[in-house]
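Consider the two complexes below, in which chain A is the common component and chain B and chain C are the respective partners.
Showing the complex of A and B:
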């Protein structure tokens, strides 16, 4: 009886909407399809440090963002690895660019990805399609300084055990 | 990550946790009965939309962005979010972390903006300061700008440069003394002796500029055109203290580290030499002596003797009359007027002052012309002096008319001869008026005093 009461309770509640993230159920749901945590997502901020050895040879090494003063270029790298046992697809990575920095033009990278940008967080498009309004209210092409988001859409699947990287450089204001 | 409703659905919704609980319970119940799960019907459609939730640059920032850089202490954070599907089934969104995250909203990757120390010290006016020998508390002016991203203090040292340094084409040849440095506390660009008392800057915010004065005393005995080149060096300190900042050595710390970012400067006209990355800045200026260039000459001319008169055969014998001329000149190259005072001239023992300034001219037949008593005065009896000024613009009511004759006796006309001593008081003889102060001899002018003596 207890369970029926519970069922009644549930059915009597009008669930008008379900938070989108949890709207997982479709017609033929298999419990094995839900595999949270198949991808490990790592995001680091680094800067390049030049060292000159006794022979005068210059080596460039990456260290965690360090001595970060205005004007320093920070390299953000996102590494995603398929730690599950099935291929992962439809991979999309989004990044709301950090405040107090300016994106370095031409620095956005991502092997095997389609890269789009946004100036408002709503519309994502390639650079040539993005516009902002000038002081007169006219539409003018958006520049790197106007971008607020970057989106990488990974093409195809990431096989189990494989990883890939995307990233960009940002200069501290 | 906070799940959100997409668009304008009916606002009836249950807290996520409760919903999940109910669904779990419900599914558990169903599983007991069937092997497959029925579609959970809801009363309104959900747009299980593009779970592309770009989010959280969860930023905490302690300061503001200045024109020259984000304030130190500002935290810069970034998060990447990833959506994916396995077997065509969308999976929960993953947020990144610096070490690698496999579930949940992740942790932002953050670092702190460190303290960038940079400054500039600049001379004001791009000109040297003109000073007179022996003058005190002469000012040269500089500005200091905080080019870093954090408020700092500054301490100062002013110093003489050596004889190899050149500013505005003039080489250093003298040293000034008694250096003092004062901050322009009322920011009016002028040194106010009773007000500008601070000798160091306590706090200068990022991007701000402050004016600083260097005071020095000028040595006596220096001459027109000599120059003392000086430097002002500012050292950066922790704001509110006089302790110089030091760069954070070694690896980054969790707090705000200090990085010296000042570039090296090479000596130029008003720019000083400063090494790179030492949190110091140096600028130069100069004190140049502007004085009169005085020369004095005394010449004599035999104008007559009692036997030969003023003719070509006149000789310097007892009874002869000699005209003396004392000339004081201020060279045209001088950059300052002279203010003449008094000149005394003791006459040779074997001569007697001619109180009448006789012309002494006349043919040998009228030798009485060559005597003080009966000769013809240049001007009038008793007017033993003639004073003239050349190269000047003195005129009536504007410094006096010249040539001018003065009496021999002690009076207020500036020229006296008594007991074998001639005394000229130029401050009286050259009166004030028009563009002239009393006794003033401008560059390029000469004053000449004429008087006669009889050879005993």
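Showing the complex of A and C:
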């Protein structure tokens, strides 16, 4: 149940972060990729900065990741928007996980998506079906440390003018 | 001790995390069907730089107080300095001899108080081809890569006339030479002061470390001295008037001294006799008491032309005196 609560929290956070992400249209990290087609992609890396005011109230604010030390959790959020005038279907998002980081277990989010993982970039499956080989060459269940890719498959069509988000957290090694 | 050697030469590992200055990039690709056409698009690349954590640790390497004599010179305490941050860092070393809770203050050695392991030979080398390097503050402050370690020796002279068992403490303090790092609160940001100009952050140990080690006067020492106590030649002359010739009987006296503190385990004395002499049977005494030559219940035997006395575990301090006689052939 704890995992569910955490997931819900992240989802609500990410929704809350949508306007902020749209507001920051400047800078290399926030700039939209100018690609042909009717889906616009935006990919941001953020960190959480904790501040305590004079009354001892702690507020957590997300800021774009510019510099971060090992151990920091970085939140990657991909926003995809259908800027065309027709619905877009069969949307599949692939992310090759960044080097020097480890995926945070339970942190992967994506509304209305089927989420699968890979340990080699070839075979994508749900966590319970993923295996890696141990030192003896025997198949053992894969863990988040083994994941190299995440794939989100959007269910149904994304209507014209609509946007959605997927993402995850990764801890800097 | 080989582990120290390994640490000194260990390649940069990931223990301290991603190296400072590493650029971490991430990009997504998105495929979809647009009006019946399969299309692929890529996002911008989200990047950020790994900042430097500045931190250091210091660990005493001597498992027990270092046994010294009084007086003594150039005795080393061994410490291991490790850069536990994720970037290259420059460190300064300071020693302190005036510490509470001891019976004497070690004196910074005349040859110099701090030496850096040269890497040529494990353990402090005061001279020779593998001599270790004298540390001079501001001149050869060690620079350590992330995760790298360096063995540091505190080298001391020990005052004279100290009581057996006296303890003397010395400490080593190491600080990062990055401005504003040492002693700052963990998490203090140091903009642009990290490796290669990245931002730095002060680590959990406040970019400084200190450790203390001790000397103890009078560890365990075993010494042997052998002398001719009595000479008697065949004509009955003794002492300085006696003449060494075939038939002269020499009485040897061996003093076996265990000094300091502790126990000498399995202490045994073996003295093979030279071919020019013949053992006088049943002439061995230990602490004034006669012994038999056979291997039997007493602690002594004469086997293969060798005198053997077995003391087993012997607590210090004690002195055993062994005598025996030989005839010159």
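Keep this in mind: the second predicted complex is superposed on the first by the 135 of 173 C-alpha atoms of A that agree within 3 Å, B and C clash if a C-alpha of one lies under 4 Å from a C-alpha of the other, contacts with A are read in each partner's own complex, and residues count from 1 in each chain.
Going forward, contacts are C-beta pairs under 8 Å (C-beta built on N, C-alpha and C of every residue); 3 or more make two chains touch, one makes a residue touch a chain.
Small disclaimer: the values here were computed from a predicted structure and weren't measured.
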First, second, both or neither for A:136, with chain B first and chain C second: neither
Chain A residues touched by each partner, larger count belonging to chain B or chain C: B
Touched partner set for A:93, first chain B, second chain C, both or neither: both
Partner chain(s) touched by A:58 [first = chain B, second = chain C, both, neither]: neither
Partner chain in contact with A:121 - chain B first, chain C second, else both or neither: first
Which superposed partner A:42 touches (first chain B, second chain C, both, neither): both
On chain A, positions contacted by chain B and by chain C: 28-29, 33, 35-39, 41-45, 65-71, 74, 76, 78, 80, 84, 86, 88-101, 158, 172-173
Residue numbers on chain A that touch chain B, as the complex places them: 3, 6-7, 10, 13-29, 33-45, 64-71, 74, 76, 78-81, 83-84, 86-101, 118, 121, 149, 151, 158, 172-173
In the complex, chain B residues that touch chain A: 1, 3-6, 9-14, 16, 19-20, 22-23, 25-26, 29, 36-37, 39-40, 42-44, 46-49, 51-57, 59, 61, 65, 68-70, 72, 74, 76-103, 106, 109-116, 149, 248, 251-252, 257, 259, 261
Parts of chain C lying in touch with chain A, wherever the complex brings them together: 14, 16-18, 22, 24-35, 38-39, 41-53, 86, 198-199, 201
Interface residues, chain A side, partner chain C - complex: 28-33, 35-39, 41-45, 65-71, 74, 76, 78, 80, 84, 86, 88-101, 158, 172-173
